[in-house]
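Shared chain: subunit A. Partners: subunit B in the first complex, subunit C in the second.
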Partner chain A sequence: MARAVTTRTKAINTAVAWTIALVIFFPILYTIITSLKTESEAIAGFNLIPSFTIESYIAVQTQNDYFKPFMNSVILALGSTVLALIVAIPAAWAMAFSPTKHTKDILMWMLSTKMMPAVAVLVPIYLIFLRTGLMDTRIGLTVMLMLINLPIVVWMLYTYFREIPGEILEAARMDGASLWNEIVYILTPMAIPGIASTMLLNIILAWNESFWTIQLTTTNAAPLTAFIASFSSPQGLFWAKLSAASTLAIAPILIMGWFSQKQLVRGLTFGAVK
Partner chain B sequence: MKRFANALLCASALSMLGTAALAETLTIATVNNGDMIRMQALTDDFTAKHPDIELNWVTLEENILRERVTTDIATQGGQYDVMTIGTYEVPIWAKQGWLLPLDGLGDDYDAEDIIPAIAGGLSYEGKLYAAPFYGESSFVMYRTDLMEKAGLEMPDAPTWDFIADAARKMTDRENGINGICLRGKAGWGENMAFLTALSNSFGARWFDMDWKPQFDQPAWKNTLQSYVDLMNEAGPTGASSNGFNENLALFQQGKCGMWIDATVAASFVSNPTDSTVADKVSYALAPDTGLGKRGNWLWAWSLAVPAGTKNAEAAQTFVSWATSKAYLELVASKEGWANVPPGTRTSLYENPEYAKVPFAKMTLDSINAADPTKPTVDEVPYVGVQFVAIPEFQGLGTTVGQLFSAALAGQMSVDDALAQAQSVATREMTRAGYIK
Partner chain C sequence: MATRQTQGLANIMRAPAIILLLIWMVVPLGMTLYFSFLNYNLLNPANTSWAGFFNYRYFYTDPAFFQSIWNTLVLVLGVLLITVVGGIAIALLIDQPMFGQGIVRILVISPFFVMPPVAALVWKNMIMNPSYGVFADIANFFGADPVDWFAQYPLFSIIIIVAWQWLPFATLILLTSLQSLDGEQKEAAEMDGAGFVSRFIYLTLPHMARAITVVILIQTIFLLAVYAEILVTTNGGPGYASTNLVFLIYRAARLNFDIGGGAAGGIIAVVLANFVAIFLMRAVGKNLD
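This part shows the complex of A and B:
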């Protein structure tokens, strides 16, 4: 009997989990379905069965080249992530293992910058980019994306580093390890799951960032977010083409997320259950 | 011999470098409208004539484009050499000194040929600051078969009473037919474009000569009440979410008896590839109420050169090419006369080939029926038919649009929407310094 209850509970849990997953995934699924409809079908109303036409994909590729914005997205996402880790690992190390009485305040201050609406600093940032020649450059945008995601990266790494016993680092120090060796050879390998999930999350955030990537680019550094934005039309039907462009834009990150889901989930739940 | 060959290679490489260094690159910001996309596909003609000018296109969603070019132009960023803007921005930006006057379009450009109503909307202090790429007004598109079934005949210049009566008679909800489809989606360029133009025909206006808002006047009450009542009785369900594209889809699927919207829609609804009612559509002027003004608007997507550009001469060369008579002929030769950008040049409407396009004459008559300098029955201190050409209008127009959309959705009464619109507009205009 007990076994039957367990099976039933399991079945219910599985059904609930699948329902939640489907609800969360549904917007993406519907985007993919819409991309396979004709424009008139796309705007006609809710319909889960498309006519499986690829005319929107052909139109999207004819109208705009996908490869250039795709490469820009890859460079910006990877570049900003590597740069963020280079800055954040030492910062998180200092906060986790050599905290001062102001460490918590600094962490809160860093996080508070995420609470400000981005548009509030648009004009000063825009002017800085103009005057320094960084406008529409991959370097400028890489630094910008690194800066806006840095608070999250530091916070996540700080949380993971706090889980590592300080005694291990002390032991390394007693064995004569320098600060550099301590971070590179002791701390980093132990925090690999945390660093990996931070890296994955940062890549996703950088890939999806649309405000700055549209505001600070024109043609050279414009990534896939700008590619998507070009398919909305005030006068003419565009839902299917926009969905096709969106599907093309999210496909790489979706595939990457699928293959790295184990690592991502492990990292995100790291330290959540004691 | 080998040395000679090397020298030749070096010379070729140097000459190529020289050519690359001489080439100017123009960055053109535009929106994703059919005519604009067609222009991008035809730029080989331009680059063949001007090999020293390269073109880079930035296509953005209308609101993002407006945001980006406004930031760029206000900071003199120089990111764009040519930008696509509308009749709302041109007088405001020209006044601010943000645009260059178009005085280098060439001797054969024939600026006098631009339709006077459109040229007026794109000029400031007598100078042209943007060249129209395509112009539009609004008119009535209607189903000839449903009109006949209702036992009515559409006049060329209908009254609002006729339209309302016809809409009610054409409505057949059991068969999914709505008598009329009108914009309801909130936004200064969405429902407020239609309602402001409609209000002109009802004798309403946004402001009196002292910039005092007029939403507390009977003319506005009459406008909004007529619109809400008609849409409730003869409009589609969920009309408060419908903009141009949603109504276009409804009309193409045969679900609207009439649709009052941009003249540019005529080429969509009469295209048999997309429209199920392509052979049953005819056109009439936007309605009036006998007060001397029709409820049609005037708009032109236009090409302008920002003051911050470093390539002013090349930019004007491009603007001249894209808005010339020769460009219209180029489109006609490649895609047929029905696909030529409409509403910009008088000579186009004198062309016997273009006269065969079913909506050509009615488009021109509609454009000519709109006067942006005298848009209302009573005198007003502003220009603009479906907008008020002041910087504050975008925000204010959208706020009022949200109130009117809520009235259409039944979330508030017409009286409440108008009272709140009056209050918001008075506060904003006082804050902006118009009301002392």
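This part shows the complex of A and C:
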């Protein structure tokens, strides 16, 4: 029997929950609102109704060449994700479908590489990047982001692949399916949702990565994280512009995040919470 | 059944990921360890010499080192306290029947997707600025003096920002766990006359224990690495008031060009992170069986 919920309780829950949710969401909302103000409005005190000007958005592009860091973010996030998938899909596949007695140890070891604090290898990575000319290049940073997210990608794919029932494969083999047919017609369609979720999470993580992207770039390869961080020094009339740049920087990932709540839980807890 | 042939194929499929991660783990860490025993400054690279444990001793005797360790701990524990307690409360709330639950969920988890520099700058400028920020407006409205957050409470201000970023994570994980709680058990407890508090202590909390552990451990790993939030708000100051270990190492290596010192700090960071890692690996490892 379902619990009887009075309308009153439900109304109170709704009011309390919406209040808290709006307080938590407020900084984002206020950023969006401020991005639609003029610079003088932005510092004229609390005001939730902007003049709906898009001059800050135009200024961000014309004065700061916003498109360049934006494209860098896109290239880095997509590039590192695709690279990671190319390496991780075969690995996770092999571990899920042909496990050996070491598979568990290997997975745990991979996870342990994720625990290594980035700052511990700041010195050597910085020097390597300086000496090899990788500093401030998209290719260097793409490889870095691929490496730091690779353990999560392998893990997440592994937990998805492991759920594909082995009996289906055996049945297919009995029916005389070749390895190729098995992969193309049976495994791939079943694996695609898992791969898509993994991709989504990895893009979010790579997009927001703010240690290496700031350390290893100056201008050419700087993605949005470094671009926005460069707004930290100037004081004065720049809030509307900062807000416009911020809104554009977070919007794509925010929307992706809304659609990937479930996968996020799974990916970020390494399958420990589903 | 895996035949020998498929097993061979499996090995080839596994190899690239394993080799890449092995190189990624061994080479830079080995270099860090090596550099940590050198007198090596990028401003004067010709004078590089063997330093023994000098860099470690130097780091250890620097008052800023203890302050940064302390700040790291305060930051991690402060954020954990806010996010875990807040996360449980909000998860319990969202789990109740209400109108627009889906939208509430979306609003609550949104801060997690905001990149750290944006989160920190928005809070620094629009919320906490002592002249024009929302907090100052609120203080003025009540006739109080606005607080200069980053000058007076630099570490606390950073804790607030980081907690805002991680509260959604805790809430989302704990809510997921809460929703897997058997409804029949809850009803049975209710019928037996268990009130909200005893239901929470004896039923809900034990059910969420695993998720809470996971939240604490995973967050700790990320919280030990907080960097961009400090860089764009206080730059570690005033003095060393908001410098954590990451920021101290960054200062040594990048701002003072002290490769040896930065490397020694890096090794100390690895040791710290390992304490946490061991616990996390156990918790996650159980799930594999």
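In this text, the second predicted complex is superposed on the first by the 163 of 274 C-alpha atoms of A that agree within 3 Å, B and C clash if a C-alpha of one lies under 4 Å from a C-alpha of the other, contacts with A are read in each partner's own complex, and residues count from 1 in each chain.
The criterion applied here is as follows: contacts are C-beta pairs under 8 Å (C-beta built on N, C-alpha and C of every residue); 3 or more make two chains touch, one makes a residue touch a chain.
In this text, all values refer to a predicted model and were calculated from it rather than measured experimentally.
S.K.: On the A-aligned overlay, A:Asp136 touches which partner chain: subunit B = first, subunit C = second, or both, or neither?
M.R.: A:Asp136 sits against subunit B, while subunit C stays out of touch.
S.K.: Regarding the shared-chain residue A:Phe231, is it in contact with subunit B (first), subunit C (second), both, or neither?
M.R.: In the superposition, A:Phe231 touches subunit B and subunit C alike.
S.K.: According to the stated criteria, A:Tyr126 is in contact with first (subunit B), second (subunit C), both, or neither; which is it?
M.R.: A:Tyr126 contacts both subunit B and subunit C.
S.K.: For A:Ile54, decide between first (touching subunit B), second (touching subunit C), both and neither.
M.R.: In the superposition, A:Ile54 touches no partner, neither subunit B nor subunit C.
S.K.: With the two structures laid over each other on chain A, which partner does A:Ile168 touch: subunit B (first), subunit C (second), both, or neither?
M.R.: So A:Ile168 meets neither subunit B nor subunit C here.
S.K.: After lining up the shared chain so the two structures overlap, which partner does A:Ile214 touch, if you call subunit B first and subunit C second: first, second, both or neither?
M.R.: both
S.K.: So which one touches more of the residues on subunit A, subunit B or subunit C?
M.R.: Of subunit B and subunit C, the partner in contact with more residues of subunit A is C.
S.K.: Looking at the overlay, does A:Met115 come into contact with subunit B only (first), subunit C only (second), both, or neither?
M.R.: second
S.K.: First (subunit B), second (subunit C), both or neither: which does A:Glu39 touch?
M.R.: A:Glu39 contacts subunit B only, not subunit C.
S.K.: Which of the two partners, first being subunit B and second being subunit C, lies in contact with A:Val184: first, second, both, or neither?
M.R.: Touch status of A:Val184: no partner.
S.K.: Show me the subunit A residues, by the header's touch rule, that subunit B contacts in one structure and subunit C contacts in the other.
M.R.: After superposing on chain A, subunit A residues 43, 122-123, 126-127, 214-215, 226, 229, 231-232 contact both subunit B and subunit C.
S.K.: Which bits of subunit A are touching subunit B when the two form their complex?
M.R.: 39-40, 43-44, 63-64, 122-123, 126-127, 130, 135-136, 214-215, 218-219, 222, 226, 229-238
S.K.: Touching subunit A in the complex: which residues of subunit B?
M.R.: Its residues touching subunit A are 27, 29, 31-34, 37, 40, 56-62, 64, 67-68, 71, 75, 77, 79-80, 189, 244-246, 248-249, 252-253, 262, 264-265, 268, 274.
S.K.: Can you tell me which positions in subunit A touch subunit C when the two form their complex?
M.R.: 1, 3, 5, 9-11, 13-14, 16-18, 20-22, 24-25, 27-28, 30-31, 34, 42-43, 45-46, 87-88, 90-91, 93-95, 97-98, 100, 104, 106-128, 147, 150-151, 154, 179, 204, 207-208, 210-211, 214-215, 224-226, 228-229, 231-232, 239, 242-243, 246, 249-250, 253-254, 256-258, 261-262, 264-265, 268-274
S.K.: Given the complex with subunit A, which residues does subunit C contribute to the contact?
M.R.: Residues 2, 6-7, 9-14, 16-18, 20-21, 24-25, 27-29, 31-32, 35, 90, 93-94, 96-101, 103-119, 121-127, 131-132, 134, 137-138, 164, 167-169, 172-173, 176-177, 180, 187, 190, 210-211, 214, 218, 221, 224-225, 227-228, 231-233, 245-246, 249-250, 253-254, 259, 262-263, 265-267, 269-270, 272-274, 276-277, 280-281, 283-285, 287-288.
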